[in-house]
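Lettered A, B, C and D in written order, each chain numbered from 1.
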Amino acid sequence: MYLRDDEKAMLDGKEGLAVQKAMEMLVRYGEALGAEKLVDTNNVGGYMIADKVQMERFGSFNKVFSELSIDSDTAIEFPKVKVGSCQFETPMDPDYYHLAGKTKEDYDLYQKNMEFLANMGIQLMCTCTPYQVGNVPVKGEHCAWMESSAVVYINSVLGARTNCEGRESTTSAMLTGKIPYWGYHIPENRLGTHLVEVECDIKTAKDWGLLGYYVGKIVQDKVPVINNIKHNPAMDMIKHFGAAAASAGGIEMYHIPGITAEANSLQDAFGKNKPRELITFGKKEKEETYEILNSIGKKTEVDFVMLGCPHYSIDQIWNLCKMIEGKKVKDGVNFWVFAAQSIKDLAVRNGFEKIINDFGGLLMRDCCPALGRFKPEGSTVMATDSAKQGHYLPNMTGIEAWYGSTQECVDAAVTGRWGGKL
Amino acid sequence: MYLRDDEKAMLDGKEGLAVQKAMEMLVRYGEALGAEKLVDTNNVGGYMIADKVQMERFGSFNKVFSELSIDSDTAIEFPKVKVGSCQFETPMDPDYYHLAGKTKEDYDLYQKNMEFLANMGIQLMCTCTPYQVGNVPVKGEHCAWMESSAVVYINSVLGARTNCEGRESTTSAMLTGKIPYWGYHIPENRLGTHLVEVECDIKTAKDWGLLGYYVGKIVQDKVPVINNIKHNPAMDMIKHFGAAAASAGGIEMYHIPGITAEANSLQDAFGKNKPRELITFGKKEKEETYEILNSIGKKTEVDFVMLGCPHYSIDQIWNLCKMIEGKKVKDGVNFWVFAAQSIKDLAVRNGFEKIINDFGGLLMRDCCPALGRFKPEGSTVMATDSAKQGHYLPNMTGIEAWYGSTQECVDAAVTGRWGGKL
Amino acid sequence: MGKIILHGRKVVGGCVEGEALVTTETISGWGGIDPKEGTIIDLRHELAGEKFAGKVLVYQGAKGSSGWSGQFHEARLNNVAPLAMVFNETTTKIALGAVVTRVPAVTDLDQDPTKVIATGDWVKVDGDNGIVEVTKK
Amino acid sequence: MGKIILHGRKVVGGCVEGEALVTTETISGWGGIDPKEGTIIDLRHELAGEKFAGKVLVYQGAKGSSGWSGQFHEARLNNVAPLAMVFNETTTKIALGAVVTRVPAVTDLDQDPTKVIATGDWVKVDGDNGIVEVTKK
């Protein structure tokens, strides 16, 4: 892999041991990819959280992150980050850690971790949706982000350029401002590979989740072009679509002519590519996908409702409030809504959190049950409006899962019973 | 103007008096424009703040807003908004109202106003940059936003569709979910009209401000296409460019091939249009623009530094902190940084506010001096990194203004003297 | 002197006549006018300091902030609004502003009114029919 | 039985041999494996419940979350990592994951390894030279 003079200098240790170890990691990674060179980035989204087990094993944040965040056997002392960097979602809400089965000790470690990150200059966004709380990359901007749903969003909707990175590559990028010039950083790799003809009406967030899950499952990690969308999606719908596609498969980029940043037309979407495959999504495929997503559910006695995957926007919170105002959750049902802290702050200012609390629910921040591997104590059957959460949480916690609309989830919370249908 | 059945029903009062009056306003407005019809919107950004004089004149929020926000002589009682709606920037920071020359009475009115808005379901974003705090419209989405810098941003960078609305049209849209189908809602009106060849290096936020101001002044309210940009701008640079262009002129949309949402090429940008004019921006034009923006400044004894127009992002706050850490503002210089509350909350969490406070500055939220018509008591010479603020605040408060880079503003705060140069 | 008659499009109806205040430049609302005094406060404007209250305002169009309509709305409430508006460029800012100012307004004229009309000329604006009648001073 | 020799590209160097665990499906890291036990936990996966620890993992590629590398990194620290990785689809997830798992890894083979190799086959992986030697069981 070709290195520029500034990159060689970092590799030689001229900017200190931490930057050197980070550059070494990036070289190993770039060579594993077969990348020709590195590219500059000013926008890195990563994950630098140490859990109790890791802290016990390594003894300090510097040691934990040397091993786990830049893959270095040599312990380094982390300097301030070199470029704009943010922390993605974390494993717990510091206000409700006890509900995640976490202890005061976990909480104290978390707070110290946040302090460590703040001192490095890492922005404590603590969400899977940085683009909802201030980090909105511009078309063509080279980024280095983790979080599959965020990656697919900024690549497709905003036209930024990132691969789905990991904790070791993102921390290395924070310290160097570099990432391998590979995959979706290269224009020709961003062109469509599969044509998906949509032959049914895609109107609701639930529809978008089903479409995304199906497309992800079929296309896996290529670039689908979604044709014949008749209703302009709102941000939350397209957010959900991408998250679903990135969970069922490994979609990091898609095109919807007229809607995604780089495709004003089918021709823009495919460029010089010929579609490798024509896929149709009609009533039958929609039904099949609904069945797959609800295949982990057998019992209909819902005791847990999870909303906010990806993290809820303020619009989603507002729409939820309109559904729950004046109602009450059934005794024994935990109703948890997840959002970024910034969005939660706004919800508090707007009185929306109170509406959720009066309903018998909680508005949580910083985390989600899949990432934190937690669920309400004793809960066995979840209802969620997220295809992604429905895909992951059963794997993580053994819980049964029903996927449906937000309204169906609210109804389940009020009655204690899943009645969702297509 | 053609009205659909649901629109006729609103006009006939079938959804209540408030919706009827709002629809009447929209019909007057649509006819004044010569619009053929109305279009649906689910995303409205408006301004519903009553000042003391207005409250004294009208007596209640319902009465103030009936006159000033939907242009109705008949007082109505405002129901909850029908579609996703947010409040733009306000005239004061509730925590520092005294620094804006506001009283406890003003503060109390403000808090009641916020409560009134919250009860309507209007999202209290209180910023000129909703796209930095969760409202990030999708390409093709029909919006109804105020705030010239926000309008130009979402039209150009994100590919959403809005005209530069006013308080009367936005409140009407909140209540009806409608806005005239005119101007930038119509695809052909979004095509470029003027070609701007950039013949000098545009790298910094200061450069982008100069380019924007020049383009706005020349092109006024048409659609410029900026060609030959060699460095991909970050969000804050392009935010500044649009704000400057919308202040010096009335730019509501521009294209930069490869960067703005609808232009992958010059051809996309112009479509069937031939450029009406070829404009060049070179060293000479840059110098001229710098002179114009600094023409209100004579004295070099700076006593006020204003940063955050449009509202600062967390990246801008972080970059600022790197410039000021360990330094101190000169006695007698007020150093005010403006951001959305959500961004400020994050700055607090990250320890960035403390760095600003230790420097001797303040991080303010919800407002700006131009909108609130305030400046630090007794201050006469401002330094700002914003072309827009430099354009407006002298008109608003009679203050002298120097425009330069953020670093130059920091230096002025530390020395008390403007030393900026091109 | 003879009259000059210009034909355009109705923006807001009504019929008034009065003295013209003319500029070839665009006018800002927010940061461009003082809605209490009815004056132009944009320091870089050719009409800086001039009072538009009670005048037939003839201008290129609206520029700058979305507070445009709000400022002219305030001016009306303070009884310092222009008598009428005649302009070249229609934008949402100027259309909304004209509507809430509630004065006769005409645009899309068959001649550029900023060239035909001079400050001080006597102008009759028939908003309903889109007619502007100019009696030179 | 004769050996089958596949040629591909080095991802991570080193040379090991062991028993194969094969799937034609992609594998999730986050939510797909248990990094403490070295097993596949994706309930919808054809290898649900299977233990990959100490096996030559032959698969289509990586899917899902960006926590992919982190999970395999943890597996290595818990000594339950695969012995080697042989896969078809290169993504950043799988490349980074292979690097931090620190096991020989090969891709871009001249034949589809998920079709040529079966679970239980004995496989030698020469990462440095990109050679995969298969002895059928």
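In this section, a contact is a pair of C-beta atoms (placed from the backbone, for glycine too) under 8 Å apart; a residue touches a chain by one contact, two chains touch by 3 or more.
Treat the numbers as computed from the prediction; the structure is a model and nothing was measured.
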| item | value |
| --- | --- |
| Most widely separated chain from subunit A, with each centre as the mean of CA atoms | C |
| Mean-CA-position distance for subunit C and subunit B (Å) | 25 |
| Computed distance of Cα centres, subunit D from subunit B, in Å | 52 |
| Centre distance in Å when subunit A and subunit B are each reduced to the mean of their C-alpha atoms | 30 |
| Every chain pair in contact, whichever chains are involved | A-B, A-D, B-C |
| List of subunit A residues in touch with subunit D within their complex | 25, 28-29, 32-34, 47, 57, 67-68, 71, 145-148, 151, 163-169, 180, 182-183, 220-221, 246-247, 249-250, 252, 292, 295-296, 370-371, 391-392, 394-396 |
| Residue ranges of subunit D in contact with subunit A within the complex | 9, 11-12, 26, 28, 30-32, 41-44, 60-70, 73-74, 77, 89-93, 95-100, 105 |
| Residue ranges of subunit A touching subunit B (in the complex, touch as defined) | 42-43, 84, 114, 118-119, 121, 123-125, 131-142, 157-159, 232-235, 238, 258-262, 264, 268, 313-315, 318, 321-322, 341-343, 345-346, 349-351 |
